[in-house]
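Shared chain: subunit A. Partners: subunit B in the first complex, subunit C in the second.
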Partner chain A sequence: MDTSNPAVFVNGALLRMYVGRRVRTVIQVIQSDSGGVTGKSTDDHQLVVKGSQPTIPLTNFVEVIGIADSDRSIRAEMWTNFGNTFDTNNYNQLCQLANGEYKHLFI
Partner chain B sequence: MFSSSQFDANSAFSGGGFMPHQSQPADSNPSPARSRDSLGLVPLTVKLISEASQSGDEKSNFVVNGSEVTNVTLVGMVFGKEERASDVTFTLDDGTGRVLCKRWASEVFDTKEMEAVQDGMYVRLNGHLKSFQGKKQLVAFSVRPVTSFDEVTFHFIDCIYFQSQKSKLQVQGSSIHQPQLVDSSLHTPVQTGSNNYQTAPSNHLSSQFGIDGLKDCDQLILDYLQQPSSSERERGVHIDELSQQLKIPKKKIMDSIASLENEGLIYSTIDEFHYKFARG
Partner chain C sequence: MAKTVTPDAISILLSNPSPDSSSNLPEIVVQVLDLKLTGNRYMFNASDGKLTVRGILPSNLSSEVISGNIQNKGLIRILDYTVNDIPTKSEKYLIVTKCEVVAPALEMEIKSEVKSEEVGIILKPKQENEMKSEVKREGAGILVKPKQEIVTKSAAQIVHEQRGNMAPSARLAMTRRVHPLVSLNPYQGNWTIKVSVTSKGNMRTYKNARGEGCVFNVELTDEDGTQIQATMFNEAARKFYDRFQLGKVYYISRGTLRVANKQFKTVQNDYEMNLNENSEVEEASNEETFIPETKFNFVQIDELGRYVNGSDLVDVIGVLQSVSPTMSIRRKSNNEMVPKRDITVADETKRTVVVSLWNDLATNLGQELLDVVDQSPVVAIKSLKVGDFQGISLSAVGRSTVLINPDIPESKKLKAWFDSEGKGTSMAPVGSGLSPSTKTGVRSMYSDRVTLSHITSDPSMGEEKPVYFSIRGFISLIKPDQTMWYRACKTCNKKVTDGMGSGYWCEGCQKNDDECSLRYIMVVRVSDESGEAWISVFNNEAEKMIGCSADELDKLKSQMEENSYQMKLKEVTWVPYLFRVSVTQHEYNNEKRQRITARDVAPVDFAAESKLLLEELTKKASQ
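The block that comes next holds the complex of A and B.
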């Protein structure tokens, strides 16, 4: 049992609170190039995700887990395809709850 | 018939309704761990499991935030899967922590299901919480790959919901507005104020509040009156509407209304048929 390295649920607005820390978020992929993957967060912010992408093609929605680089970018350790449909509103509200009064369930 | 001696109280009253000192009425405020015995699968995060304490009895149950827990459900990513002759072990990482899991390869069903599980995959895991050599472990009886990732979001919201329902039990009777997770309106009612976990005064409300979400009439009415659509109305809600919307007979509504009004949780407005939730 090890809870020493959790990944905090963040959206675009919450990312700035965890710069330098391990975070997780779901983005909708806008474009992907050598500079990284540009995506839209569940609260409509534009985020850039750097780091070696997986060999398989990315679906529309991707979960990234990694270290928050800045208030707009993440250095990904892990990418998971979340498919082409995803309820961003639910996820967004989860991020707010997980950082609000139910924080103790997560970190 | 009654002897003049006062020392005969026990025998004198033993036939009557009042039983002096020996037989107290059953504990009206049951300890949380016993009263809300968790049935079914409790949705948890690894973080919550790490904070679980072991309840004293031989069944080696765990107590998470005041309720007994044995069967749990988690969603997370599989790592370090190792297959052996008798079992399969792996680590489950749900973003809040990592926990060791074991699946006994007792039936063909078990082995076949575990074959489909690979490292890096998101799975829904159902199992028992166990302690082995002082460390908490999960003994899984069901491990299913996640196919629709809304399940990931759902699981964590489920964890939050479960915890919020428990605290709702504890604060029943006070007029604290609970976070409305079902509300699908645009704004998120996030409660950032302090959470007052007051223990309810003894035998305050007859909480027939089961884990499967059954609520007593009082709570249903309070919930309805707290919705923005109800609280915004100056005149409040008519008891006919409560009866129709909650599908509860009017007589029962009126009984609950009387009791809630007595406790100061609601008040009547233009007449004795219209009620509003009393904000604290």
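The block that comes next holds the complex of A and C.
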């Protein structure tokens, strides 16, 4: 496993803390067009994900890994389909724990 | 000079074990008794008529014995000596480096009469060596009465009796190094502990193949709060039973440790202690005593499920909600009437549980609780048995202790929670909706969740009634060469036997059938993060996991390519599952073995599991 460039688990609120850094998050796809993919973060923020999308169609929930551009956009390098059902609550809590008291367990 | 022993000569010797050779020694004359050659030196018992001590004449003095100067029953004046300890026993021995003969063999052994008060020996009825006191001493002389029945004791015994319960400050220059209980182990024997007796059991008599005996045990707690159980048998039990008193503090050394027998364990310690007649138990002086804090290990009310019908005793803390009046219950075993009172407590898990108090706790303490119930006090209870009445119930036992509004952090936290939100919220009884035999998998897969090690670490679990848990794990192995199924009646699923002629006979249906079905019955190895265990699995559950019926698997087995059968079994492994299991005891070759049986199996719902884990995390964080 390549740990040279770790991505931080973020939701909408945490994204602003890591602008310029490599992040990962799961969004619910709202809309997809030439400008990028608009999605809803697990804490109900609206985020825009740019970058070359994969050839296969996106499912309802997608994980993106890339560089945080601003407090509401990400330049994605990697897209992974997470299917059509996803527990956003669990993921949101994960982001909070991974950046809070269990930060030391995550790179 | 009278040819006689110096009174209290032995005491003088013992009190000055390493005298300066230049200092003027007092006159010390002793009688030599039991003189005999041991190896290349002579050993004897030095006696002053009252006490004796083992003595050694170094080899340079052997000639004195051989020549007949030093004789048995003779008197010698000790001019230079050393007193040493015998390492493994609590005895001392005297090395006589220089002496002169005072008298040859006397007619008999000198024994003095003793008035008990003068000598100050404390007589206790349970003392091993009984001393019959006689009339007072007459003058400075010594009466020799052959018919005397006084037992001469070794100096060590007298000193020990005199010292018995006295403060250790009387000990000469021996600074006592006290070891914390947590540091004790079976491989290091040189320790002294300072402990309070927090529980004392009754003396019990027993009879086994080796004979009869008596035994009792005590629970010891040191200043750190660590606890250990100490057991004494026979001689040691008689010796220490009266000495150990509840609430008093003792210095103890020369006990032995061994790994605790989980079946009988009552305190949290990997080890248990044994004291024998050579162990030392000394009461601590008033300045040195301490009161151990009651050490609690609270279980939240909604976590009690995993302890139901188990042998572990739990501690709980909660806000008092209600107190029942005293009831009188007839005890089944002896038809006695026993007072009982039920109280209800609630905690931050928003669950309530009923605790049954008995005897004194019901009458006296119960009344105290009734008087303050309106103030919603915090109640902490130690050592409760967990039962399954109405789902989950708690019951006090002999050793249970109840504290009202204890001064501990958990109590303050609970009060704060109650005052801010608990007061208003509706609480549910913890047992509601829980039935041990619930087959509907969903709810029960998330209740009483434990790890495999929780089950395997208690071999006596499920001894009285089966205990139920839920588990999340992987099947790590299904042995391909085990008998995996039995022939079953197509109608009633019971095992069939070979019928008359061809076909199969079902005893239950009382009929013969040409065909039977195969039904799974197997043991599989399940692993989780804590360990592994072998679990019995029957048809329904096995079919769910293997993915085909036993009949179909049998067909695969008999196929030419062996592989498909092995592959099918392998594919079952390392898939996570939720299991509902029962734990019971089962005799096999006269041995009691734990048996874990799968009652239900379900695939893991990852979202629900994650939620469960997140709940556990937040619970841990707030503890």
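Keep this in mind: the second predicted complex is superposed on the first by the 105 of 107 C-alpha atoms of A that agree within 3 Å, B and C clash if a C-alpha of one lies under 4 Å from a C-alpha of the other, contacts with A are read in each partner's own complex, and residues count from 1 in each chain.
Heads up, the rule we're going with is that a contact is a pair of C-beta atoms (placed from the backbone, for glycine too) under 8 Å apart; a residue touches a chain by one contact, two chains touch by 3 or more.
All values reported here derive from a predicted model rather than from experimental measurement.
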item	value
Clash or fit, subunit B versus subunit C on superposed subunit A	clash
Touched partner set for A:Glu63, first subunit B, second subunit C, both or neither	first
Partner chain(s) touched by A:Thr80 [first = subunit B, second = subunit C, both, neither]	first
Which of subunit B and subunit C A:Arg24 touches, first, second, both or neither	first
Which superposed partner A:Leu97 touches (first subunit B, second subunit C, both, neither)	both
A:Phe9 touches, of subunit B and subunit C: first, second, both or neither?	first
Which partner, subunit B or subunit C, touches more subunit A residues	B
Stretch of subunit C penetrating subunit B in the combined three-chain arrangement, among 63-71, 81-89, 171-179 or 459-467	81-89
Contacts on subunit A seen with subunit B and repeated with subunit C across the two complexes	87, 90, 93-94, 97, 101
Touch list for subunit C against partner subunit A, complex	607, 610-611, 614, 617, 621
Interfacial residue positions of subunit A with respect to subunit B in the complex	1-4, 6-7, 9, 24, 26, 61, 63, 65, 80, 82-83, 86-87, 90-94, 96-98, 100-102, 104-107
Subunit A-facing residues of subunit B, complex	45-50, 77, 95-100, 120, 122, 135-136, 148-150, 152-154, 156-157, 159-160, 163-164, 179, 181, 188, 190-192, 195
Of subunit A, residues touching subunit C in the complex	85, 87, 89-90, 93-94, 97, 101
